[in-house]
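In the two complexes that follow, chain A is the common piece, with chain B as its partner first and chain C second.
So, the complex of A and B:
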C-alpha cells in the first residue's frame, strides 16, 4: 500500500467515524441483525430504508456483530442503549441470552421488538413472524394448483415431500394444507413422503414417488432440502414438463431449476418485506399510534397480535422466472 | 519455543533494564488510551456519561479477568487456548446443577470447580508428557467444546436461581458493577503476585530460561501446573459472571474469546515468547480494547470495519516503539 492509498483509506475511516449526527427529532430505529455481511439481512436493511423513506422522520441504524453470537449482539445493544435510540428491532442469535440486556433497554424507555428470529416474551414487546402456519399451508396448495395448471392438466395427482415424520413445523403445515384442500377439488393428494431433510434420502424418496405414481403431476415440498432433491430427481428421470416441483425453497438454490423448467414458481419469506414491516411496527410502537392489539405494517396492512405478542407478516412471497435471479443474489 | 527467538526485538526487551522499559511501554499505552478517550468524547455526545461508561465495562471485564493469569502463563512460555471452551463447559455444569434445584453458592462453586479441573487437566498433560501447551490446548479447546455440545445438544439451560443474576448484572455501589470491582481486586492481587512475590520472580526466571531455572532449584513443572490451574479457575470465574449476565447457557457461549484474551495480553506488552511483561500493561490494554469497541459502537461503525480498526490499532501500537527504536539506532550510528 503506498502512502496515497493509505491516506485515502485513513480519510475514509475518519469520515465514517466523524460523520455528522443526524437530527435529534428523528425517530432512531436500530435494526440489529444476527451478523453483518449476510445477504438476507442486507435485504432486510433495504426494506427498512424503504419504510424510513415512507415515514419521513426515521433514521435507521443498521448494525450487528461480525459473528453470530449472543455476546456480540449484547455489545451492540449496550452501545445502542447508550445512544438512547428510540427503538431496537432485533433478529436474535439467542432467544434467552438477550433478555437481560433487552429488559435493561426497555427500562430506559426504548421500544424493543424482535423479528425473523425471536426473543423470549419477557425481552420484547412484539415479535414479527415472517408468516403463519395457516398462510404457509394455503400457499403450498396454491402453488400446487399453479403447477398443475402449468402441467396442462385440469385435474391431477400430487404428493408431499416432507422432512421427518416428527418435525413439528412440517406436520402443522401438512395439516393446514389438508384443511384448504377441499377448496381445490382439482388436486388429489396421493402420498406423503419423508426425506428426513437429508439430500440423499429425499432424492430416493422422490424417485420412489415418481415410479409408484405414474400419473403424478406435482410434488410439493415445504422444506428446502426435500424441494431441491425432488427437483433434481425429476430432472434426472427426464420428466421435466410432465411433473412439476414446488414448495418452500431458497432463490439461490432454486434459480437453476426454474431455468430448467422443472419448477414454475415457489415461495419463501421476502427479507425486504421483513425489514420493512419491522421498521413500521417499531415506529408505530414508538409513536404510540398502534391500535388495541394491532400494529401497522405499512403497505402490508395491519397485523394482529396474538396472546404471546406475536404478529404474522404475510403469506410467503412467490418467486418465479421473473424475479428469482434478482433474489438469488441475496439469499 | 526456541531460545534464540527470545532475543527478537519485542517491545519491552529493547534497551537496558526491563523495568525502565516496561514503565515506558505502559506510559505509551496510557497515552494511547487518553488520546482515544478524548477522541471519542469529542466524536460522540453519548460517550461522557458515567452510566454509559459503566455499561461499557461489561464488554471486557470477563475477558480481562482471564487475561491476568494468562499474562503470567505466557511470561512463563506457555499458553492456554482452551479458556473459552473451559468457560462453556463450566457454564453447562452450572446450568445442569441449577436445573436440579441447586442454590446460588452451589452453582458458583461448581462453575469455579469445573474451571479449575479443566486448568489442571491442561497442566497435567503439558507437564507430564512435555507436549507444547499450544498443541495441547488447541486439542482441549475442541475437546471441552465438544463435551459441551454433547451434553447439551440443541437445548438451552436457563433455570438459574433467583439471586444468581447479581454476579453479572448487580452493582456494588453506584455505577460500580460487581464484576468491575471484582476485576479491579483481581488485578491488584495478580499485580502483587507477579511483581512483589517470589512466585512472580520465578515466573520471570522460567520465562527467561527454563533450563537455568530448573538448575537453580525452581520446580518448573509444579510452577506451570499452578499457573494452568489459575487460568482454569479464572475461566471458571469468568464463566460464572458471563452465565449470570446472560441468564442462560448455550453450547456456543463465549465462542472465540480465547483470541481476544491473548490479544489483550500481547497489547499489554507481554512478550508472546515469554520472559517479560507486566500486569499494569495488561490492565491498561483491557481498558483500551474495551473503550475502543464501545466508542466505535457508539458511532455505529459496522462490526466489519471495527475489526479492521482494532487490528490496525494492535499492529500500530506494537510496531511504533520498535520503529522508533530502529530510527534512533540508525541516527546514532550515523553520528
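So, the complex of A and C:
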C-alpha cells in the first residue's frame, strides 16, 4: 500500500516535472481573458476545462492581465508566443490593438481565435459570437410566450422596452423579434418603448406602458437597464403576477426580481458554454479537422462560419428560479 | 430691482399658464392623466429633479454652475448602496445623514476650487464630474449593486406612503419650503442674490462673494447627496452611469424656471414650475402617444423657447435701463456723453 502510494506520488511528480516531454502530443490552448478575477471569465475557464476533459489531449492555460487593458494582453500574448503554445483564444480588450501581436503569433504557426469580444478579422482565424441576432430575437419572443403562459393567459398583449431609438443592436433584435412573431399567434405586440438605458426614463416609460395598456401581460426588455427598471415599476405598481417582465439580463442583476416573482425566466449567453465552445473550436483548428466553412463546438454542435470568419455559438441560455442564484455567484 | 422682480413674477404666471394649458391639452387626449392620483405620481416622479434644481438654483444665483450634481448623486448613491449591501444593519436614518454629509463634502470640493483658487465653476465641475464618476468605478469595480443586495428597509423608505403621499414627495416638499425660506428671509439668501447680481457691489457692502459661492456649492452638494440615496432606492440599482446626463435636465429646469445664467435673478417658485414643466413633459408624451422619435425634439424645442424668452425679457430690461440713462443724460445741463469720453 505504502509502496504503491509512493510510486503513484513519484509518477505524479514525474508527470509534473516532465510534462512538456511526456505529454508532447498535448494541444496547449491558451485562454486569454480580458482580466483575471472576473466571474464571467472564471466561468468560461470552467467550460474550457470541461472541453479539455472531453477531448483528452488538451492542456488549457488560463491567463490574462490584471486590468482590462490591451497593453496587458499584449504582454501576456508575447509570453505565450515564447512558450510556443498551439492555440490562443482571446477575448480582446481592443479589437485593433491586438492585431499586430496576434499576426506575429500566427506567423509562428499558432492558431488564433477570438471569442466573446472580437479581434479585427486580420488578427484571427475565427471569431466566436455568443449568439446571433436571429437567435436572440427568437429567444426574446419565446420568453414572452413563457411569461404569458405564466400569467395564466392563452393570448395577450406584450410590449418591448428598448434602449435608445438609435441603438443598432437593439433595433436589429426588435426586427428579428417581429420576424418570428407570426409563429406565436397568442402574442400581440402593442408598443415599443425606449428607456434610453437610463434608469429613470426606463422606469417612467414602463409606468406609461402599464397605464396605457391595461391588458398588458408581458414587457420584454432586451437591455439590462430597461429590464431592471420595468421589473421595479411593475413591483411598485403592485402588478406582480399580473404583468411579467423578461428579456436579456445578468443573473446577479435579476436574482432579486426572480425571487419577487415579477420575472419568471430570462436569458443571456452562458459563459461556461462560451469557454467550452472556444476550446473546441481552437482544438479543431489546431488538429485541422474542421470541415469546409464549419467548426466543431462539441456538445453544442457544428458552427457555420460566415464571410467574416465569425460563428454564432447558440441561442441564449435560459435562467429561472432553479438556477439563477447559482449563476448569480458567477456573473 | 422692482422691475426685475416684476418680470420674475410675470414669468412664473406665464409658466403656470403654459403648464395649465398643457394639462388641458393632455387631458383632452388622455383624461386619465389629470386624475389627482396620477398628478401626484407625476409630482413624485419629478421630486428628485425639483430637489436638485433647487440646489442648482442657489449655485446659479451666485453666477456659478454645478455640472457635477448628477455625478454626485451617482457617487453618493453608490457609497450608501455599498454600505447597505455589506452592512445591512446600519440604520437608514444614519445612511441618510451620511449621504447628506458625503454630498456636502463633494460640493465643498467644487466650492473650494471656486472660492480659494478662483477657477471658473464650469471648469471645476466639468472636472469633478468625471472624477466622481471615476471614483464610483474604483469603488464598485464596475459592478452593479442590485435590488436583492439592498435591505428591504433601504428600498422601502421613499415608497412609504404618509398622509396620502410617498415619503419621496414629502422630502421634496420640505426642501421646497426650506429653500424658499432660506432665499427670501435669511441674510444668506440675500447674499446669494447680491453675489451674483453684482459681485463688485456685493464686495463693497461687505459680502464675501467667494465664501457665499462656496456655501452655495455645499448646499447643492448636500441636496445632491440626499438625492443619491433617493435615486438608488427608488430605482433599486446602483451602477457607474446612474443619472448620466441628468445635470442637463437640472440646469434646464432652472433656465425654464427663469433663473438667469448670469446670476442674481430667479425664484424658488419659478424653479419648481420649471422642474414640474419638464416632469409633465417627460411623463405625458408617452401617455399621449407621441412617438419616441419626437419626444427629444419636443423637449429640446421647449427648452430653446424658454431660453429665448428669457434672453428677450432680459434684453428688453437692458434697453429700458439704457433709455432711462439716455433720458437722464438729456436732462443734464452738460452736453452729451461723447464729449466726456
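Keep in mind that, in the parts below, the second predicted complex is superposed on the first by the 309 of 331 C-alpha atoms of A that agree within 3 Å, B and C clash if a C-alpha of one lies under 4 Å from a C-alpha of the other, contacts with A are read in each partner's own complex, and residues count from 1 in each chain.
The rule is short, and it goes like this: a contact is a pair of C-beta atoms (placed from the backbone, for glycine too) under 8 Å apart; a residue touches a chain by one contact, two chains touch by 3 or more.
Owing to the predicted nature of the structure, the values given are computational and were not obtained by experimental measurement.
Novice: After the chain A overlay, clash or fit between chain B and chain C?
Specialist: fit
Novice: For A:127, using the defined touch cut-off, is the partner it touches chain B, chain C, both, or neither? Pick first, second, both or neither.
Specialist: Neither chain B nor chain C is touched by A:127.
Novice: Between chain B (first) and chain C (second), which does A:280 come into contact with in this model arrangement: first, second, both, or neither?
Specialist: Neither partner.
Novice: Between chain B and chain C, whom does A:193 touch in the aligned arrangement: first, second, both, or neither?
Specialist: It touches chain C, and chain B stays clear.
Novice: Quick check for you: in the superposed arrangement, does A:76 touch first (chain B), second (chain C), both or neither?
Specialist: So A:76 only meets chain B here.
Novice: Which of the two partners, first being chain B and second being chain C, lies in contact with A:34: first, second, both, or neither?
Specialist: Touch partners of A:34: none, neither chain B nor chain C.
Novice: Please give the nearest C-alpha separation between chain B and chain C in the three-chain superposition, to the whole Å.
Specialist: 8
Novice: Do chain B and chain C touch any of the same residues on chain A, and if so, which?
Specialist: none
Novice: Under the touch definition given earlier, write down the residues of chain B that touch chain A in their complex.
Specialist: For chain B paired with chain A, touching residues are 43-46, 49, 52, 55-56, 58-59, 156, 158, 165, 168-169, 242, 245-248, 250, 252-257, 293-294, 296-307, 309.
Novice: Looking at the complex, which residues from chain A come into contact with chain C?
Specialist: Those residues of chain A that touch chain C are 165, 192-194, 197-201, 203-205, 207-209, 211-212, 225, 228-229, 232, 236, 252-257, 259-260.
Novice: What does chain C use to touch chain A in their complex?
Specialist: Touching chain A: residues 32, 38, 41, 45, 48, 144, 146-149, 159, 231, 234-237, 241-246, 282-283, 286-287, 289, 292-293 of chain C.
Novice: For the complex, which residues does chain A have touching chain B?
Specialist: 13, 16-19, 21, 35-37, 61-67, 69-72, 74-76, 78-84, 94-97, 99-100
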